[in-house]
Every structure is written in structure tokens, then in C-alpha cells.
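Chains: A, B and C, in written order; residue numbering restarts at 1 for each.
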Amino acid sequence: MAPEPNLAARSPSRWGAQEWVAVAIFVAALAVPYATEDLLVHSIVNRVLIGAMAAFSVFIMLRMDLLSFATPAFMALGGYSAVLLAMNGVTEVLLIVPASFIVPALVALPLGALVLRLRGVYFVLVTFVLTEILQLIVFLTPGLTGGSDGLAGFPAPTLLGRDLSDAQSVLALAAAMALLAVVITAALTAHFRQHFAAIEENEVLAESLGLVVWRYKAMGFVVAAGIAGMAGFALGNMLLTVHPTSFGAQQAVDTIVYTIVGGRGSILGPVVGASLLVTAADFLGNQGQYAQGLFGLLLIFVTLVARGGITGAVVTLARRLRDARRTPDAPAAAASEAAARGGAGGGGGRGGGGAGGPEPMEATATGAAVAGVEELRVEGLTKRFGGLRVLEGISFTLAPGDILGVIGPNGAGKTTLINVITGRTPPSGGRILLGGHDITGEPTHTVSRRGVVRSFQQTNTFKSASVRENVSRALRFSGTAGAEGWARVAPLLEAFGLASRLDEQSDKLPYGLQKMLGLTLAYAADPKVLLLDEPAAGLERSERTRVDEFVHHVRARGCSVLIVEHDMDLVRRLCPRIIVLDAGVVLAEGPPAEVLSRKDVIDAYVGADAAEDEAA
Amino acid sequence: MHEFLTAGIIGISLGAQYALLALGFTLIFGILGVINFAHGGFYALGGYVAYAAVSQLGLPFPLAVLAAVIVTAALGALYERFLIERLVDDHLATMMLTLGLYLVISTGLLAVFGPQSPEFSFPVKGTLRAGTLYLPLENLVVLAVCAAAIGGLWLLIYRTDFGRALRALADDRKVAMTQGMRPGLLFPLAFGLATGLAGLTGALVTPILALSPSAGDPVLVTSFLTVILGGLGSITGAVVAAIIVGFVEAYASVYLGGSAGALILFVTVLVILLARPTGLFGREIRGA
Amino acid sequence: MLEIRDLEVRYGGITALRGLSIDVREGETVLLVGANGAGKSSTINAVIGLVRPARGTIRLDGMDITAVACERRARLGIGYSPEGRRVFPTMTVVENVLSGAFGMGRRHQRQALDWLVSVFPFLAERASQPAGQLSGGQQQLVAIARAMCSQPRLLLLDEPFLGLAPIWVRQISEAIREMQRRGTTILMTEQMARPALKLATRGYVMRGGEVRREGTVAEIRDSALAEEYL
């Protein structure tokens, strides 16, 4: 019944056509020096290769939504390292090319620990400053780097003793390095496609599903630095000098323009951008500065009109053509979608599946071992923001299989409680124990991997990705990928009506389904404890029974559940025990029927009479 | 001792210029959340407009400065209104738009005026003697104009409805709109005000320093430094940081050599950015 | 004075209001009560113009303002104090208050400030302190004073008691009474329905984006309230 075998579709980290085309282009470039002796062609191709390499570095950073102006700094590190090796007698390219990659990568590792915490404009500024600093360091160390004179007249590189100083070899070496760069870039961005896409789109969700975000950011930063370093060496080898002016802000701007104009969404973007723009600049004559105006206009144009750059526009066009050819199918697809939509809205009219409630899910249960038997214990949890007390001495225990409701008026601290338990916000005091093990202060991904996973109040999915891709990421980030993971999620997908819409983009789904997908993602991460933040908020009244189905389903598999919710009917239905939070403290605890009729609880919601009576 | 005092005077005069530049830059970030890469371009453009007004139209220098302010302010306001405004909440897109504009401006200046620095000198010459100190008059004039402009800007931002509205929009755009403040009108005005300040500085300072199509490059870098040091979006911070940068630059060039002084500044700024991204003075215009 | 007819508001896929109709007559204080997600704030947001309704009309003194831009509604005599206070944190107390009368001229601003300071001496005590440093209750008072500064004909108060201690509930109630004495029409929402009901002349109980019942304060009894919330 469950469509497990084809659920996962193709492996998400396989190379696509674009990766293969990019590699093929650089393999072809290897032949250029032997196909023509025209030195003008050599020069252009060489500069395209170097530009593309440098742009790959920017491209990798943009995968993580980080705009880096530090590419020239790493180019300089690579270039100077290689040239200094050559000047000290090491001319073997099998040594100096790796060195030009490794030195900047090694520098990037500790640097990344510092700068990758920054985001947006602050990251841009810091990388801009890095480039300036590196240039100044060169100026201030004439003994080592030649200062403002640069380093020229270094021995030509050799390959196993063979001299590589002739024009053909210079270009061939650049092409070989560029090929290496594209293979590394393709391998990295394809293998971790899901990780980077998730970091770019929704870092918070990725982390809550168990992804160690900083690890992938650091990896991207280090590899980007290494590739820039190779570009720096190739540049020095072409110019026969490494010079600080090659590694300034201008270089950063050019590289960024190549990437953005070519298209940041595809590995072909940097290739296309560098090829077209380097050639165009060449045709504008040797007044290189005039090309800058063209770059500027293109940058403005692309930003306003074609955000995906040239490759993005081509992909969009191709997709449109393909869809146009497929029009015969369209009405059928639309009809089935409309039917599904109607079903989602109607709720009760969902036919057999809905009427049966949780039963169909039970039927498809795979009998996966009941997850651990660890209890979550919260002891004296306190959180203050400045002088503001948000949580004060919260204690409770969530035993395996428990369903605990947490209610309270707005601003009572309910979401903060979830944030603190999942390590998103550090507590000011108190302890959180999972199965007796202290997890207080552990980062979100660790808490998640231990089995404490949350859902979010607002719909939280990877919006631009399909349903299938969303689930696939959740499984991969939580380390539970494979058939077993899909088998765990399949009944839920089936019950929510998501199984038939696996290839739809998640933010195009009806709101109720997006919300259910969010819950499914949390369960996909194989939790022992689920923390649900207002799972019913925004749902139609008729859709809310799906939350019940979900909770019953996960509980039947040994998961304990904490639900923050305002819908008291739902709380009454699901939770044998509830906690009332008011102004950060536990006001009451017990069965809902008892707690919800207490006078102090009602007062917390509707306001005490006493307050006004004092005034009168 | 003489050397020390002279460097101090150069430092404060540099600081005043940097303050004027950094104020424009910080205003745009503080209010719109946009990093204006074209800021240096408006500085260079201001210089060339003033130069053209003097050399082509024969205008007196003060009028030429005024023309520079008007042209740069109008261009800035229009660019905001018609291009940046559409994507104002997308930081990557606005950076691309301003970076693109910078490339276009500097190439345009190159195309029209050529790569050579034109003959453009400050109309006031001579020195003022104060005891044993000789103060170049041109620096004093620049200092006076900059101080007046900074004072005027301060009054505008802190003492008028217009300034209150800009700060309110920076703090909470939606609530500001419910109080009747119109971003569609006020954002272009703020942008134009800021680019006009860059144009003013360019018109005043390039006759003393140098005028070239790429004169904006170092200006952008200095604005970055100053604004990070003072805290992105902070007005007081920008002024204080600009004076610090001015002094460090002046003294370093005398006692350490320019590059070492710059390196110290850059490393300081890097450390500040990493340790406290909001700068020494926090954010004043723009709420977290 | 305010006439809302058949209003429908959607956020993305969520329908927050479904065919809401409400009337507020000159000089009344109308209270919207209901649990979280009932649509109270959406109603206020639609009146001030922060959300565009998908359907329905909003009339102010007979004039259709449904399509009027948010920035222009303040000019029509609508004052607004948002949910969660949202004072301008980096601006001083006085600047916050004055920004409520943006573009009304210095004379009006000075008179309004004098009046507000006489009602709430607290504003003068903290005049030049950044509003972001104030306590929650103080911020709420500043937000209400900001809404009062333009001396609006219609005052919108979204959850003015949210998260406040009783002493502040009393102070804010006093501010609202001051506006009532001046004849201001008020539309307010409040989860803390009991203290709010003491101020109101009439109320609507909302649930699921619809009006569940309408009536005088006496008609909306506490028992009915508890039922709606819990």
C-alpha cells in the first residue's frame, strides 16, 4: 500500500547535467593551448579560466547566502605561497598547486570560526575588510612579499622536471587547475546540495532537524578559500608576477559580477559569466576601465530583471518550453490538484481515509522498534532577557508516551520554553535532562540528534523545495536516511494526503498541508520527544483533527509529546495533563477539566476583577 | 611638538570630512538598511560637477559646490525612488544595485573627463598664523563647512518632524506608517540627503586632495571603516569614529607610515566587527 | 462612525476574518473580545490599513476607506496603538509622543504635548529617555499617548493591557477614560476582558474570524467569556 520504493526518487546528491557540462567545458579547455597558437586567444582563455575559478569561490559562498569580498585575499594567499615555494626551489606543480589550495584553506579554517557567525551585510563588510587587510600586510612586508613591488622573476613551475614556462604550458596548467577547481566545486555542491540549499533557505529549520550547520558552512568557506588560492597562483603564473594590486577590492567586484551575471543558481553561472564578461571586456579595448561600466549596467539589469542571471534565464525559458509542450496533461493535473485542494479544505469530507481516523496509519505501521524509553525532565528552568523575566523556575517531567499540554495567555513564555529546551536560546538557570543525561546548553542540532525535536508555530518547511525533497532533507539531516526512514514517514504522508503530491513545491500547498508537512518533518527526524508549537494555529476547524491523528500516531510509536496550544478543545481531547504558564511561572498543573475551571486560571486569561476594583 | 600639533590639525580636518561622508553612509544604512556601495561614486561625482561648474560655466566656487550638492542629491533620490525602493528589503539585491551604480558612475566620469586628474584647485589659498603655528586656510574652510553641515544635519535629524519620521521608519516601519509617515516619499529624500552630503564633501575636498574618476574608492573604504567603528546606523558613533580615524591617519602617517596606520585601523575594525557587530556606539537609528 | 461590512482578511493560506460586520457609533467604546486567533487584531489591522482585505468595505463617516493607503489614514483622524506596544525604541519618550502628530505643525504638537503631560506627568519625568529602556507598562502608556497626540476622532487600541501588572492596567484605563471624556470614539481589543469591559459601552465576542455575539457589556457576561477562552 505504501509507495515506499519510489518515494525517495533519485539520489539527491547525484551530479546533474549542469555539473557534467561544466566539467566537459574545462576538459575541452585543456585542448585549447594545443589547438591554436594565437596568443590573443591564449590570453583570453587564460583569463576566463582564472576568472571562472575565482568565481567558483564566490559561487560556493553564495550557496550559503553569503556574499564574500574576501576572494582576492585568498587568491593572494595562494599566489604568494606558490611563488614563494618556487623561489625557494620547489617548482614541482604537483607540490605547489596543492600548496596554493591548502595554505588559504588552512587560514580559512580558524578565520571561518570567527566570521561565519556573521550574516548579511556584516559578513559582507568583514570580508571586504579582510581583503584590505591582506593587501596592507603585503605592503608592510617587503622582505617576504616584495611589498608594493610584488614578486616577479620567480622560477617557472615544472612538472616532473619538465619546464612549464612556454605559453602552451602556462595555459595548459591554468586549464588543469580550473578543471580541478570545477570538479571540487561540483563534488562539494552536488554532494551537499541539500545541506547548502537548506542553509540558504532556512537555517533554523535545518538545525532543528539535526543538521550541524556550522560544519557545512566551514567546509564551504575552506573549499572556497582553496579554490581562490589556486586562481591566485594561476594569475601569478600568467602575469609572471604576484602583485598586491591584483588582489584588491576591484578583483572582488569583478568576481562577484561574473557569478551574479552568469547566475548564482547553477555551477555553469560562473563559467558563463567569466567567459562572456572577460571576452566582452577584451573587446572594449585595452581601456579595461570601460568594461566596469558594462559590468555595472549588467549587474543592475540582472538584479532588477533576471535574478537568476544568464543561466537562470535559460533554465526558466527551457522549463517554460517544456511545460508548453506538456500542455495536454495540464488540465488533468489541475483537476487532480483541485480535487486534492477541495479535500483539504473540506476536511470531514475526506472520504474513507478521514472517517477512519488514525486506523489506516496503524495498518501501515512498519513495526519499527518503539523509540527509546527516555524521559524528559525539566528542573527549575529560568530565562531572563535583560531585566525581563520570561521563565522562572519551570519544572516538569515528560515520561515516555506522555502527552503534556502547555497553555497560557500571550506572552506567558510558552515558545521561549520550547526554544530553551531545544537549545536555541540558552537558559539563565535550571537543568534539562533527557533520560538522566544533562542536555542543558547543548546546541540545537545535538539536542535534535538526541531525539528532542520541535515543530514551529508558523509553517516551517523548505519553501522552494518539493514535498519529497523536504522529507528527504529531514531524513538526511537527522541521520536516518534510507528505506527505513521513508517507511517511518510514509503512513503520515499517506494519511495527510501528501503522498500523492510529493513533487509539488511545498509553499504551493494549501496552508493546512504545509502545516502537516512541518509536523511530518519533525517526526522524520526520528524523535523520542516532540515539542509542538501551536500545531493547530491557523488551521480550519475541520482540519484540526489531523493534529489529533498525528499525535496519536507518533505516540503509538513511543514518542512523548509536549503541545503548546491555544485551541482548548484540542488540548482537552489530546492531553491528559496540562500546565498553565502565566508570566513565566507555572500557575497550575493537572488534568484539563480540573485546571481549566480554576479561578486563578480564568483570571489569567480574562483579567482579574481585583485590578480594577482597587482603582475604583 | 610642532609636528604633533600640525598633525592634530590635519587629523581634525580629515575627521570632519570623514564624518560628513560617514554620516551619509550611516544614514542610508540606518534608515533603509541598505549598504550604499555607490557612496564614493557620489563623492567623485560631486567633485567633477563642481569642477565642471567652475571650469566650463565659470561659476564661483560656492555656487559650484551648491550645484554639486543638487546634482548628487537628485540622482540619489531618483535612484532610490525608481530602483532601490523596489527591492529595499533584499540586502543582497540592494548591494548589487548600488555596486552597479558605482561602476557606472566611475566609468561615466572616466568617459566624460578622461583618466587624468583635472586642474582643479581650492579658491582660498594661504595660511593663518596662530602663534608659531601655520594653519592652511583651505583646511580651515573645509573644517568650518563640514562642522556647519554636521550641525545642520543633527538639527534636521533630531529636531524636526522630518528627522523624527526618518528615525521612526528606521525603528519600526509599519507602526511609523500607521502614524502617517510615508516611506515612498521619505526614503528617497533620505537617500538624496545622504548622497548630497557625499557630493558636498567631494566638491569641497577634491580640489585639495585629488580629483580622478576613481577618487571614490578610498572614500568607500574609509566610510566602511568609520561606520563599522561607530556602529552601523549610529549618528553620534559616525562622528566620533570619523574623528578617531582622522587622527589615527594623521598621526600614523607622521609617526608610523601610512600603511601601518591603516593596518592598525583595519585590524581594530575587524576585531570590533567580530566581537561587537553593532560597533562601539551600538545602533541608534535602527532598532535591532 | 465606523462601519465594517462583510470583511474578509487572509494571510497566505489562512483566513483570519470571514465576513465580519461591525459598527462603532460616535462616542462609543466598543470592545472586541475573544481567544487567540479569533481575528481581533486582524480587524484593527484592517481598519488602520496594515492589511488589505480580500473582500468587504470599511467606511469612516460614510467615506469608503477600504482602499486608502495606511500612511494616509492617520490624516483622516484615526489614532492607533499597536499590539505589543511597539514604541520607537531608540527615540525618546517625547519624540515618540510627538511622532503621533507627524506633519500637524509645531503649534498643534506643543499643545497636544502640554495636554498629555498634564494628564500623564510620567511623560515629563522620562521625557528624554529612550522609550526602548522603559518597562512594559510605561511603554504602553507612551504608545497610547502617541496615539492620542493627534487628537483622533477614532482611537484604535490593540490589546492595551497585554502582559501588564494590575497597577498599569489601572493607569492605562485612566488614559482611556480621559479620551472618553473628550468624546473620542474607541475601538479596542483585549484578552483581559474583565477590566476592559469596565471601560466599554458595547462589545463583540469573536471566534474563528466571525462575530459570535454582540451586545451591551451586561450581555457579555463573564461566564460566557470563560466559555469562549477555555
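In this text, contacts are C-beta pairs under 8 Å (C-beta built on N, C-alpha and C of every residue); 3 or more make two chains touch, one makes a residue touch a chain.
Just so you know, these numbers come straight off a predicted model, no measurement behind them.
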Can you identify the chain nearest the overall CA centroid, using each chain's own CA centroid?
A
The pair out of A-C and A-B sharing more C-beta contacts is A-B
Whole-Å distance, subunit A centre to subunit C centre, using C-alpha means?
40
Taking each chain's centre as its mean C-alpha position, how far apart are subunit A and subunit B in Å?
36
In their complex, what parts of subunit A are in touch with subunit B?
65, 67, 114-115, 117-118, 120-122, 124-126, 128-130, 132-133, 136-137, 139-140, 249, 253, 256, 260, 289-290, 292-300, 302-304, 307
In their shared complex, at which residues does subunit B touch subunit A?
29, 33, 35, 83, 86-87, 91-93, 95-97, 99-104, 106-108, 110-111, 115, 213, 217, 221, 224-225, 228, 232, 259-260, 262-263, 266-267, 269-270, 273-274, 277
Partner subunit C, residues of subunit B touching it in the complex
161, 164-165, 167-168, 170-172, 174-184, 283-287
Please name which positions on subunit C make contact with subunit B in the complex.
48-50, 70-75, 80, 82, 86, 88-91, 95, 98-100, 102-103, 132, 146, 150
Residues of subunit A defined as touching subunit C within the complex:
409-411, 459, 510-512, 514, 537-538, 540-541, 566, 568, 583, 596-597, 601-602, 605-612, 614-615
